[in-house]
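Input: one structure, supplied below.
In this document, chain identifiers A, B, C, D, E and F correspond to the written order of the chains, with residue numbering beginning at 1 in each.
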Amino acid sequence: MFFRTNQFQYNARPERPDPVYAKQLQEVLGGQWGEISVMMTYLFQGWNCRAPAKYRDMLLDIGTEEIAHVEMLATMIARLLETSPVETQEDAAKDSVIGAVMGGARVEDAILAGMNPQHAIVAGMGATPTDSVGYPWNSRYTIASGNLLADFRFNLTAESQGRLQVCRLYEMTSDPGVRDMLSFLIARDTMHQNQWLAAIRELEADGLEQTPAPFSFPQDREKSEVAYQYWRCSDGAESQRGSWAAGTSPDGKGEFQFLADPQPLGETVEELAQLDPRLHGTPKKPMPPMAS
Amino acid sequence: MFFRTNQFQYNARPERPDPVYAKQLQEVLGGQWGEISVMMTYLFQGWNCRAPAKYRDMLLDIGTEEIAHVEMLATMIARLLETSPVETQEDAAKDSVIGAVMGGARVEDAILAGMNPQHAIVAGMGATPTDSVGYPWNSRYTIASGNLLADFRFNLTAESQGRLQVCRLYEMTSDPGVRDMLSFLIARDTMHQNQWLAAIRELEADGLEQTPAPFSFPQDREKSEVAYQYWRCSDGAESQRGSWAAGTSPDGKGEFQFLADPQPLGETVEELAQLDPRLHGTPKKPMPPMAS
Amino acid sequence: MFFRTNQFQYNARPERPDPVYAKQLQEVLGGQWGEISVMMTYLFQGWNCRAPAKYRDMLLDIGTEEIAHVEMLATMIARLLETSPVETQEDAAKDSVIGAVMGGARVEDAILAGMNPQHAIVAGMGATPTDSVGYPWNSRYTIASGNLLADFRFNLTAESQGRLQVCRLYEMTSDPGVRDMLSFLIARDTMHQNQWLAAIRELEADGLEQTPAPFSFPQDREKSEVAYQYWRCSDGAESQRGSWAAGTSPDGKGEFQFLADPQPLGETVEELAQLDPRLHGTPKKPMPPMAS
Amino acid sequence: MFFRTNQFQYNARPERPDPVYAKQLQEVLGGQWGEISVMMTYLFQGWNCRAPAKYRDMLLDIGTEEIAHVEMLATMIARLLETSPVETQEDAAKDSVIGAVMGGARVEDAILAGMNPQHAIVAGMGATPTDSVGYPWNSRYTIASGNLLADFRFNLTAESQGRLQVCRLYEMTSDPGVRDMLSFLIARDTMHQNQWLAAIRELEADGLEQTPAPFSFPQDREKSEVAYQYWRCSDGAESQRGSWAAGTSPDGKGEFQFLADPQPLGETVEELAQLDPRLHGTPKKPMPPMAS
Amino acid sequence: MFFRTNQFQYNARPERPDPVYAKQLQEVLGGQWGEISVMMTYLFQGWNCRAPAKYRDMLLDIGTEEIAHVEMLATMIARLLETSPVETQEDAAKDSVIGAVMGGARVEDAILAGMNPQHAIVAGMGATPTDSVGYPWNSRYTIASGNLLADFRFNLTAESQGRLQVCRLYEMTSDPGVRDMLSFLIARDTMHQNQWLAAIRELEADGLEQTPAPFSFPQDREKSEVAYQYWRCSDGAESQRGSWAAGTSPDGKGEFQFLADPQPLGETVEELAQLDPRLHGTPKKPMPPMAS
Amino acid sequence: MFFRTNQFQYNARPERPDPVYAKQLQEVLGGQWGEISVMMTYLFQGWNCRAPAKYRDMLLDIGTEEIAHVEMLATMIARLLETSPVETQEDAAKDSVIGAVMGGARVEDAILAGMNPQHAIVAGMGATPTDSVGYPWNSRYTIASGNLLADFRFNLTAESQGRLQVCRLYEMTSDPGVRDMLSFLIARDTMHQNQWLAAIRELEADGLEQTPAPFSFPQDREKSEVAYQYWRCSDGAESQRGSWAAGTSPDGKGEFQFLADPQPLGETVEELAQLDPRLHGTPKKPMPPMAS
């Protein structure tokens, strides 16, 4: 069960409104690699966890923390969309960014064009659980497979893509309040990249998983002849220069082999069998219409 | 530019039709972690690559190989859905699985219920670019950020989740032909997990990226006080036992610190500013309707 | 069966083209709370209705009216996107908004930036069944549950959210023709809010439904101890001041009770059971790989 | 900021596994009217709230409670999918539901057919944030408009549709553990329907909103002639018998008027203007191809 | 504006309920090529039409007819899901298909497994605007480009794919009532295929459009050297045998030319330019972190 | 199996960057009628083909060619988004379009507003598999029914809609490099429209398909009375003037008949049967709550 305290995990106050930036910042709230994605991913991995309790508890710690990040970003966006406190309705029309948006004269179409119109029409200048082009968050961004090595690799990715996007957004604003909050989120992503790297090592140290994931599948059931072969299917000249083309593989179980001119191992393509005529697909030879 | 040779990369022939399994196998063709996803991901990462050419060429090698995997799976599914060659329409009705599906008597409703009805109605017993619940593949499954460390971590994840799913599907069938093909795909995923691990190491060896990604963001701009702190936001007792709670962090740049009872650092939640009344949100105090 | 008369329900003609506003106006055509949503919702509720015929007939009256609203909005948007009739191609380039859009010089990028590019590229300056960010309408916006109290509450919501959005769009334009049409739609939404309020009362007067919906579920099967308790899960100080915290509940069947410091009633979280190893999830203890 | 306690809000333990029911129960976890929807809706309404603090605090209380409901349902589903604790791999194959699913013999295809295959292949027998047909949750289910009357009407709907679905699911199982948990959720939905009814009354009592929503739009700007007219657009005979056809309207501001044979008020449909020829739409008269 | 008459265009009554078939029949109601798609497509093409009025009026005739098809299918599905009229609640439990679905004993899991669970849980045994796997209809299925040749070719496709699916569904049932309705829909699709073929010829006869669409684009601006070349990019031996490989092209403007061994015409792939370092993509050479 | 050669099919180099146009050009890469759609459609039709091998081989030739078109467009977009090679970070900030985008001063908001923000934040100035409003490509754009006449009509449509969009985009730029590439794609679309027209004729000449599709369904099973009737359901005056209203139908099997005042053939709408009370829908008459 969950409780909320009426204080933000960290500051979430811009120096001034900026509705165009509010649209862009949505990416790390409701985008594929935004905070809703990690919140949901960690919570579902935790609730579904059948591994030792330390992993489950850790997942639920970080999943719970991420709800606070969602809260900070939602608040920041709502403030980026707001006017300064106004005394009267008339002043609002004259003096504020929002006034420009709503103004019949439409003299500031550039601002309006750069805004997400749904911020005004749908959300009344509030944050929305969508990304920077207004595409709604969906739960295919939540990953929980039951195999923790596969999942922790995803988590490490999420913290890398997420930190990358927050860094880009940091460069795209000069507002000190926004940058202050983003510097906090960037630091937490540094922590979380390290956390998942540590957790991956721990899974291996505990003997629970190892490369290739899943560890528990008997390797003699795979087609071992091709398990360490590099197939050069595109004729670029440089791919042979990488460490993936020769030497011992990172899992320590094979030697990389470079096939410069790989050949197919399967059969020549043959015709598929004919279909039941009641499915009315195009057959190989003319057939009379079916009897009625 | 691309060319196709009329031979499969590896065998793609089941011993006998199995339309229920055909539905399940769709997951690794058109699902989130299926072959279309890695095909598109590697090709787009390659086409967008601004890093040294060996990375681009390698991405395009593997992206091109994945098209062949899509081809094998599509063919396998079309064959799992097909009848044996039939001489006459009447025989089809009597002797085949498809006949049972189409039969008015509906005596084999269990088979029909387990099939994807779109295999019959929409695709005429062909493969579809959808997953095992019939949800269409979409390009949010394609990741290409321009930062190769972030992307290679995604690629490693994709090969882990993908291999996990193929292994599960291997357990769910006893058809020797299907298992033969899957053993090939599992082995290629072993290769590709190793390949991405090697590529990650190479990025670091080349001095191009390192943890935390992105490497090029000045670390003194992040809120360093919280960059190595573990916040225990859920009261499970076990999370302190992991290597993420103490010791040197995997990036070698910090010491993990465990906060057993973390406290918020931000301000107490305050009221948001009032909205321009022309947006007709609910205000803090009653206002008369606007003048017309 | 349906028939169409070649006259609009009300005027749908702007004074002048405005392609940026055309994009914004899409929200109430193809957005979540737009006219397509209510059209489809009322028709499906009517076609599926198993309640007295007066409800079904009323649903089909209003559902049919909404098709006319879709028609008016589509026409208005097509006209907002159009040029004045032009004699020659050269004039078009010089004299019209569209000319600016298509012009090689791109001097009016602000207009172009504010347009939905699909209006030009995909629809040839016609209306599209999408919202103001170009997201396609989908049928999850259609609600028809078979329980009319639940559905009429949805309908009341739809007319409220819809009227709110139309009012906001009214404020965002000064075109007299557009405002004339919107004033008609706003008035119809006033009618329809009243209509659903009346219909909700009638369901109760007819003895068919009452709060809590669904009425027909035996209330002694619910956990009655918690059916009127307010749980304060967030530590804001003000929530106790509302009428939801004390007094008789609106259904007249209980007394609100305020729990200022609610405690969980369920068990402490325990470990989930181990998984069949053939699913290759991470287990609680190390296991050797499965036999091949 | 949020914290989690390691105890469920209420019990979440089935008497025995039932993977077919697990699929069905997903509807109220990740479906349109499931617990994720209300969790996200109430939190976003709270974070965006610009109305008096009692409303914001109340929204955040109930939003935080809903996270606990998500937790209970996810756990219940994970348990419905699990085997009893097993000693050995061989036993698993023989004695459990999961064994049947994984078994090569496929003797229990009916069970398999009724399951969501992604529960096995994608989630390793864990809960997923999807509905009962496997469609992913998406944030268009989250409503927060900034107008609390419009939003509270939505919330009342959500608790009605949600309670309806939970009641139906209650009827579809006889497992005492499942029914125990559902009886708790049904009771909470009773509370929450009452809570939103009370909150709607309070908005009106506070003078902040009233019918028609939004209250703050000047009513003299709407086309008042049609604001209380019932248009009979479908020829069913019964719609005139409802309270929506005559008498004072629920908002007390008008008299319902029944138009038995309504006539269009708008112009006859006319041709749209011709398009800039560079958009290559079909014109009214033949034109030569454009000069190159 | 639209009106509805309270009579079906044609019969819509099954002989008996069949909830599994109801799920399958959804494909032609709410699927990609179902009746909602053609209804919306024809109406939007009509509303956006800037061509001679005979085309617009024809589009609106057929678009309006399609609403009646949606109505028939929705009603048929609601009836396939219903029980026979029942006297008492107890009988319902014992004697009906629905009773089996709801029964605690779950003895008829095959039926339940084959149903769409949302028919019961979400829609209370009513039709839904979704396809046969429960995927919601969306407006990307609506095509209206402003170019009538392009659009009429789509319409011809829609009537072909739609008739194909209805024919397949005809084969999948033996219910005389269902087959009667489907025979009507199949015949209307025969009409509509002919109608679009006639309309395509008329566009050409009127001098408004011709192949290649769009006709109005100056053909000398296209790269004419490759406008009639067949490129054999896959090494199958048979493609040269088709009429597309030699002879005069159907538009009468060129001669087909078969390239058995086509060669790329573009440049060798070169490196992309380096990115602004503030985007934190992976560069070609190591760079120090940016100054803070 | 597939191979790639490291040379473009045709040139893909703009004269200068143009990030606003990059956004627009996405439509024909990742939009509904873009190159990914035809690539996937032709490949899946080829892999699923059960017709004579010449059709399969032809489908795979063209499907493989389309991968090269995807490659050209992706590269063009990446180049439209790039800066000229820069020596130093400072120069980047001053002299380039990208510099303007990233600049704190935000003096060029119009450019920024017209860009897709995900090009910067998500893709690091690379192409994405999305359309011009950022909506992701999805596989419902891939059509493969097993009936080649239905599918080739779709393919003809795709080449028509696609060529139309490319022509519009040609008009929207004056960059010679972009226009050069587009002139190549327009010419290939000319070829492919002709190719599908030829293939449709060949299917008929081979006796495999004819109008109405599917040919193999016995025409005496359709309701022949209505198979050539035009129903005028909208009261426009002009629809009678088309060739669809009289004369022999294009399939040569009927005579068009114009119904100026069509009448419904089906029954008057009747009430649906009552529902099992355990589904808690609204019944026709009041019922007491169920016994617990």
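As a working rule, a contact is a pair of C-beta atoms (placed from the backbone, for glycine too) under 8 Å apart; a residue touches a chain by one contact, two chains touch by 3 or more.
Computed from a predicted model, the values in this text were never measured in an experiment.
J.: Any chance you could name the chains that touch subunit D and subunit E both?
T.: Touches both subunit D and subunit E: A, B, C, F.
J.: Compare the contact pairs of D-E with those of each option in E-F, A-E or B-D, and report the one where over half match by residue number.
T.: That interface is repeated by B-D.
J.: Most remote chain relative to subunit F, going by C-alpha centroids?
T.: Of all chains, D has its centre farthest from that of subunit F.
J.: Farthest from subunit A in C-alpha centre terms, which chain would that be?
T.: Of all the other chains, the one whose centre lies farthest from subunit A is E.
J.: Between subunit A and subunit C, tell me the centre distance in angstrom, where each centre is the average of that chain's C-alpha atoms.
T.: Distance between chain centres, rounded to whole Å: 27 Å.
J.: What's the distance between the Cα centroids of subunit D and subunit F, rounded to whole Å?
T.: 31
J.: Residue numbers in subunit B touching 2 or more other chains?
T.: 1-9, 32, 48, 52-53, 55-57, 60, 64-65, 68, 75, 78, 102, 110, 113-114, 120, 122, 124-125, 133-136, 138, 140, 145-147, 149, 164, 167-168, 171, 214, 217, 219, 221, 233-234, 236-237, 264, 266, 269, 272-275, 277-281, 290
J.: Using the touch rule from the top, collect the residues of subunit D that touch subunit B in their complex.
T.: So the residues of subunit D touching subunit B come out as 1-6, 48-53, 55-56, 101-102, 104-106, 109-110, 112-114, 116-118, 120-122, 124, 133-136, 145-149, 203, 206-209, 214-221.
J.: Within their complex, state which residues of subunit F touch subunit C.
T.: 20, 23-24, 27, 31-33, 110-111, 113-114, 131-135, 165, 168-169, 171-174, 233-237, 264, 266, 271-275, 277, 279-284, 286-287, 289-292
J.: Which stretch or stretches of subunit C touch subunit D in the complex?
T.: Within the complex, subunit C contacts subunit D at residues 5-13, 32, 52-58, 60-65, 68, 72, 75, 78-79, 82-86, 89, 92-93, 96, 98-99, 102, 120, 124-125, 138, 140-141, 143, 145, 147, 149-150, 153-154, 156-157, 160-161, 163-164, 167, 170, 179, 183-184, 186-191, 193-195, 197-199, 201-202, 205, 211-214, 217, 219, 221-234, 236-239, 241-244, 249-251, 254, 256, 264-269, 272-281, 290.
J.: Report the residues of subunit E in contact with subunit A in the complex, numbered from low to high.
T.: These residues of subunit E touch subunit A: 164, 167-168, 171, 236, 269, 278-280.
J.: Once bound in the complex, which stretches of subunit E touch subunit C?
T.: Per the stated touch rule, the residues are 1-9, 30, 36, 40, 43-44, 47-48, 57, 60, 64-65, 67-68, 70-71, 74-75, 78, 122-130, 136-140, 142, 144-147.
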